[in-house]
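Letters A, B, C and D mark the chains as written, and numbering starts fresh at 1 in each.
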């Protein structure tokens, strides 16, 4: 029997962490062949050269494709989506995968789903059915409607998918593969971890309490990122703790957030902040595990945060409506609100781990289903 | 108060017939400004130069954009989608619409919805919530998840949209605007109508009974179009009635269908078939109104067919699952099945008109809502 | 030593015939590896599925890429060029060729040259330095300015390249590889050749005198193709000989020419014309070799025509200024001028063969140079 | 008589400075209508938001188009070119210019020339016929072969164009329009000029001697930019003078140069360097006019530098072979070579002004020719 060719399109650092465990298991599976396409911000120096990490992890891309149209605004986000579809169609046409696997809710995700759908290649999708803010909310559900196999990360999400009209036989609650890596990991933090990644700013002392901050733009609040990140900066300065700060992702408004960070740094020359582009998936897990609190609007605070019991302060609307464990406190885009929340969380310390987003076996489960699923290319609303 | 700019993207002959009545009312409305983009197959000679008809109807495009990547296969269908997004993003960026209106379930539809969504321009969508076959089924629901205002054509579709998690306050059952034109029309058929449109083949006598045939490729059954159309051809020849045959649309597999038609014509030199690229919306309505039966898999048989009570034979899976009135009989991709059904329908004659797809006031209703709706750019699953 | 990877981009039937002999020799050469990209009209059914012929000839593409934006007008010709560059950049990025070989003067040619140039991949170019009409004239010389190795087909062209400022050490007069195939060929015409290629119209009798007609649109005279081809049709009908007619290429205005042909066929039902999409390179050579006259504006009349001594009537401006042998008579876009010229040529019969465009060893010569050339990536005007 | 529509595509800060004077005169001319397209890096914050300056100067774009594919490497440079052609074709199709004016030798330049050429829109080109290094050398001459009107900046360049086979009747030596602005300018430097443009680093005192540094990547030496800029940095630090440093342009390798600058800044915290994204054309002229020396590989050192007599040190191969006045000394990519040259130039002080690149009337001359030229769309090698 010929192996089923499973094509994974990795497009960003977040993407990779959430699918790496599946890639690993697909590569090992006797009935599956892994095809890997690396694209978008995963190829860019500015976002930490994720492709280098992928290669070091032992995965060799079948194709790479540059497709980010520069500008980081709503227009270029749309254009990058279009360019992604054009290019992925050619790549899928040449690689001839039997199945395409796409992650979450980014523009590369929907580009992958559209290219594959029109080409009659079945689409498997992780993280469907979740509820959040930003354009991600619309895109995630649109991708669901284009997908043939669903691997939601929570039971509630699985329920949502079925309510939305997906055939229950195609919905598999597996948990999120991002937790597989965390579950299997020696979480000991090596002292030189920050050195290894370069970064700009003052060197921090990770034997002392620190924050991890990651604040992305909210596309549906385009134009407000500069103000939003300034409130966070003010809060962090008031708190006074040292902080590891990751640059935001490539979405519309990223420029505003980055500009806010750069201008603040120029003016205030803060000696408690260190800025990074990216960490290997494992080191990121170790860093947040030992953090006093994760601050911002990254879903990692909610996902890996819950699993590890790390106190988290979620700011603003980006994750609004998303299921979360007890480790999350919400704050508005307002320095005092953020500061108060951080303070509470640092005082509280670690939470009980939660299996809301899975038990660390998602990759293995998903791979088995990919290998055995009988897939109908013609979808139909299942009411 | 500044007028709300409503941008309509017309991409095919079918598109135009289904939105023309809205365009007319938007253009008249004191609080609205119509922006028109004409693209894709609506610009191509091979599909009847729809843009000429649009201009003759008094609408002047703000922009035209060629975006069909030639090949008529699954790969090029995907690529055309991508190219459409790239170009529409630039066009929307320059036209700055307040709202984009997109029709039904074609690749240009989802391209329009994606470009607008990422650009924080609200999307209004007609014909959501319907159930069919082909990739249209997936695409239609994906567009729903990207849309902010829904104008479903049937009550059942409206219900489906709400079950899929759309906010009931954004779902308006208006019926299908394609019927507005039919409702307002003098349906008398002018004798020279066929002459005016050129066409190839023997001239028909429309004072005698005739069929109208329109069979599109089914993208999810790519590769079978040649066989499928041959069965229909065999059936039509057995029936022996004269037939007006429209060339298929631009979807993947169109080449196969056209090749089937051309080869049949070369070999059999049929003297009862006449082939056309396109008719004006009104003339098409008149032609089907007087037809003994509509044959194929076009939704016009179901939509306008129901309203006019025209007997219709629907072939294969393209409309599978779609609501329809009593005027529709189904047939498999098999000559004898098709022939039997046509025979029954011709004997039966006209049906009672049905208001399943609306009462002919959709355009006016939609326009009022477009003018007054309070739209939230941030969507959220409404469970 | 690692083999030098030579990437050939084949984009049309004409392209292929002109480079096939080089492909063959590169594939055999111990120091070279052939990479093949098939694209544009070479993938399309409408142009005779050239890719099938390529595969039958034993060449397996490393990648295929659809890139023709439909419309056949000046706008879509430009867009196809752009799309070609976008896609070829990704493909070259993944194939990592050491050298790219591009043919003649088409939009795919300049797209190839631009993609490779910006990627610091040396460009080798055939047929540079020739003089003609149409946009090809500008494009051919622009490609020269982007190319690192030149393989002109005539001595005069080689001189032109050097006068244009190309380094004489990079200019190699080799003749045109299209003649290699002709030189090596058994030119006997098999009786069933026309049957094998399908074609539409009345079956011809190739044991009797026949014409071969091939008339492309002239892009710089866009809008006049319909009129131009009608003059040719009138002339052919007046001459009254049977004719094998090839559909035009994909350039802007092709639609007009095709429409002219189709309308003429519908109206006059000519029984002496047979229309074809494409022939294998070898069969085309055999067909023109036995033809009473080649008519139209294809460069094959000038190139292979000279080598074989076939009488040719060249119509209009497309080949204006091109060197040619004694076998060519010129005619205006006027039926009587064309008819007179055809008459003269049929009466004259075969000409002495001419080696103006080479002696049939170009492929071998070019391949040796590709294998051994020392190439400087930085060009400089050589005055 | 209808006005002749002249479309100018501005794509970068350098572009704008070199064409602004023509835009001004075209806008004033009674027989001409200015159409303006702003695109590429001229739209990006990272390159100083050139579009804001354009708007402040009183020019309102007819269209803007984002087209830079992020990555700053050879692949993305090619892809940006392709994307530019795709988009410009649509824009030209909608704006319907009678003539397109394109500047110098950038990828946006050739994209403009290709789109217009295939669309039968005559192309006017400035700065043709010059000789330099980098891919610009090839691209400049390729654009020449696509252009219908040539406005070279020097007599030698005009000669080169004619030798390359351009019709002498289409070649007009006008000088470079960039000098028009300089010639008409009050060159007094306002004290707060640096403040107004932000910039990062220590505030400089422009009443004391300073350098202006601008070092772009050399695409044909891709991968060496990091090393190259480090040599320059070392030289500047050894010289010890304060310096105004402009970030490099968007070409392949820009990332390397920027990375070199950023890493140096992090490590050495130099207090004599101030980094800027962009200046208004006039302020840039004032700044270099008062500079002790211009250092790097920008053509402004050669062009405006000659006109103003500013001492300049040109580093490496980017301008190799370019005509220049007495104000230029060359240096290798080596700190000591650069340092020695700067030292000599600072000691020498101002040079005699040179009219090598024109006398400051180019814009007016070009505009008159654009208004009156009789243009043949069909080009032909003029030997």
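Heads up, the rule we're going with is that a contact is a pair of C-beta atoms (placed from the backbone, for glycine too) under 8 Å apart; a residue touches a chain by one contact, two chains touch by 3 or more.
On a predicted model such as this, the values are computed, not experimentally measured, just so you know.
K.L.:
Which chains lie in contact with each of subunit A and subunit D?
P.N.:
B, C
K.L.:
Between chain pairs C-D and B-D, which one is joined by a greater number of C-beta pairs in contact?
P.N.:
So, comparing the two chain pairs, more contacts are at C-D.
K.L.:
Can you work out the whole-Å distance between the CA centroids of subunit C and subunit D?
P.N.:
39
K.L.:
Can you check how far apart subunit B and subunit D are, centre to centre, with Cα atoms defining each centre and the answer in Å?
P.N.:
Once rounded, the distance between the two centres reads 50 Å.
K.L.:
Where in subunit C do residues touch two or more other chains at once?
P.N.:
66, 75-76, 79, 83, 86-87, 90, 93
K.L.:
List the residues on subunit C that touch subunit A in their complex, please.
P.N.:
For this pair, the touching residues of subunit C are 63-66, 83, 86-87, 90-91, 93-94.
K.L.:
Of all residues in subunit A, which touch subunit B in the complex?
P.N.:
74-79, 81-90, 92-93, 107, 110-111, 114-115, 117-120, 131, 133-135, 137-139, 141-146, 160, 163-165, 219-220, 222, 252, 317, 320-321, 377-381, 383
K.L.:
Where on subunit D is subunit A touching in the complex?
P.N.:
By the definition above, subunit D touches subunit A via 43-46, 66-71, 73, 75-76, 79, 83, 200, 255, 259, 262, 266.
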